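The first chain written gets the first letter, and so on, giving A, B and C; residue counts start at 1 in each chain.
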């Protein structure tokens, strides 16, 4: 096992897949000469050349639209959205074209496309560049929405996403590129569409993903000091949603919270909690609570921004509340 | 051009006309749902264009796609079955009028979001460029699609990256009910290509041979130069934008004037005048188009509805 | 041949059209594609073209009227030919398009799914809230977590006797477990401190009129018949339950959660074995004959929303305690959730009713006709008993049998209860 950063893990996944399959190429704003605005594709341009590492105009419709077309004729493009906030400019392609083409034409077209998008708040980028709108995209059947919380998962999931014949929106968190974690040596894949337990526990279930996982692991350490052993279930893929590990954990602990960075209203937590009540109502020994972003556009000021984002203390407080 | 090809083009135009006329009747009888946009009046554009392609060249178009589907070689049976929502249709009855496709015929779909398929067309060409071949993508769209951002992003990318796309604007004078001059900064759509340093030309879209020749030359240019090209075909739809169009935006005199230039009538007269065919030969093709349409309706009516297992099939590729 | 022209569908959302003007009148020649009439949809006025060539033979709709899509509006054919549409089959058209829409497109839902609420309007008092929901048991009115409710249901704990320690006094699992472990004493419902404070505040509540359920009405009819036509007599017996309680504890220690045995499961088995010795109580009256049943199928009264139902353990005497327990649990769950199967409630030959979970010492039940008898079972309770001249704690349980005097007498009933004691007080006999 090697201990590497999230950035290195994603970069390794891209490089391994490009070496494995000549149909894989990268396109996006500043992915080539610049080396990626988050330096994920640093060195790629020199290694693979302009044909496989394509700098695009700042034109999200052209980027995602062209990636869809190339995927339809058998290539495996990995399109990078500099931030997920720019996905709104290409909304038609992400939610209204890519997820529909296979179904609407009776299965004729395949769209083996990966859209990497950087999301999340906490870097004082202001309201339009700091969002965590994952739930919006997870609303649409036909799209696979992945958002990893560890370097090992990021690498294994991205490799699976590139090999999938479906359009995958792969959401990375802007503040987690330096997060380090153990990554297996050599070739491995993490299956899409599978949630997993990241920390075992018996008293309380914390359901989360991506940045929420990082925060929840810290919260679990705090809770352990007070004798509460939290089990953390990492969703990893938001659509299609794998509820089995969540339900198994909840049936054991009977108490749960859901942690997400996006807004609470109509969010991932709303979906997960609803499904828990639908499938495991009789196992609830306390109401399931949600920890999420305050219902405001994210402010620039650092203190205000941190106040709006979910924090470790919020998770601890919610956990203690459901343990009453 | 040899006689056989000319007669084939004539047949395709008549077939489109007959099949859509029957489609309109079936729509009015409530057997076809949703939106349906007829190609009647514009048959020369698609017929001339697609006759000029090689089979390896890709075709992608908007929602007015029945004619394009037939020209690409999709059978009348499959087109009619899709209109009736039957499992034997081009898209198993799950796409409908606006979503006909057959990748084996290199027909990459009717697409229903105005302008939405233009960046995808750039992508089809990008895929071919990446694969190292010189296939040309023929991308058809209406005048209305040239006012939306997709058009500009797609043309800019195609020119910047040297993608082999022949952009074919079917200027039928109206984007739904809004005349070109009321919606577009320039009346000549081809001028828009100038801003991207892209070769362009305009052609009489009511004359199938002129379309054929212009398309043949443009495809050759695109293939050889590795650069996109914009061809504007001047045409007119004889029917409304879609079924149920009150047509308040244009005068009957204007429609009549264009109908005197019926592309089928023009081509019919040409074939007789140049002695490419006898009246009896053309009558026989008319009769075949009628008979094929009848067969298609019978086929579609007799075809099964998609089973409920189709509801959840193909949401994701396996 | 004459052809019918229908009101065309001119847009995906068009349901009906108004015929504004006939362009071609009866007798006029019309070619395919020529305009026959003008119609107006809710969006626009459009022309209807004839899809056939011929003569307009008949106009089926007057100008100015609205008809649904696909309604015949005209007949085109050869002059003088027979009309395919008889005049008395003409569509009825009206000028009221909004009214037309409802008659032309009947909404099946309104007829197929009668809404019971609309028929139950008890009276005009504004305070009355018509409510068809069955009156829920006390446990549903008590604030408890779903898990606590489930465990209480499975373990036969009355939520009304539990003090909740969760937020806001909510009963949670640990409270039920405390009861089961004996570390929290069940609180008698008469104790005032368990009453929610809100109930102590003086409030004026309006009278409420609650319609009876079908089940309630059926119970009423049946038991009025029983109580007014069957001459009941009653015999009570007190059972020494120490050995049984001890055995139950041992058995339950090895059974998984959810499969633990209740006291009642033992009683059912004992009743079934005793009935084998007293076939006259496992019987019914039919005219001048008593039919003694070959099978022993013991019924168990179960509280369900809106009333009670008797679920039946078939061949109770031949089943093991675990089988009996499992069947009763499953059937009771189905009965409570409204998913009872016909065979769950059919074929009972002798009924029992147990109010032990409510800390009831003794009660009498009404016979479930046409059966000969019913056994009412109280709670097993630890009481002071005299043993060897000393007062010592002992487990006791009372049961009262109600018997149809037309079939049996007090002595037989008393002997039956004694035979039951032979099983309950030597519970090992229930296992073999």
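One rule holds in what follows: a contact is a pair of C-beta atoms (placed from the backbone, for glycine too) under 8 Å apart; a residue touches a chain by one contact, two chains touch by 3 or more.
The model shown is predicted, which means the values in this text are computed figures rather than measured ones.
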Seminar exercise, completed: Most remote chain w.r.t. Chain A, using mean C-alpha positions, is C
Problem set entry | Dominant interface by contact count, named by its two chains | A-B
Exercise. Of the chains present, which has its C-alpha mean closest to the combined C-alpha mean?
Worked result: A
Seminar exercise, completed: Taking each chain's mean CA coordinate, chain A and chain B are separated, in whole Å, by 40
Problem set entry | Length of the line joining the C-alpha centres of chain A and chain C, rounded to whole Å | 46
Exercise. Centre to centre, by mean C-alpha position, how many angstrom separate chain B and chain C?
Worked result: 61
For this session: Please list all residues of chain A that touch 2 or more other chains.
Result: none
Exercise. If you look only at chain B, which of its residues touch chain C in the complex?
Worked result: 25, 27-30, 33-35, 242-248
For this session: Spell out the residues on chain A that touch chain B in their complex, using ranges where they run on.
Result: 25, 51, 54, 56-57, 59, 61-62, 64-75, 92-93, 96-97, 101-112, 141-142, 144, 165-166, 240
Exercise. Okay, in this complex, where on chain A does chain C touch?
Worked result: 254, 281-286, 321, 324
For this session: Using the touch definition up top, name the residues of chain C that touch chain B in the complex.
Result: 6, 8-12, 14, 41, 43-46, 51, 69-70
Problem set entry | Sites on chain C touched by chain A in the complex | 145-150, 166-167, 170, 172-173
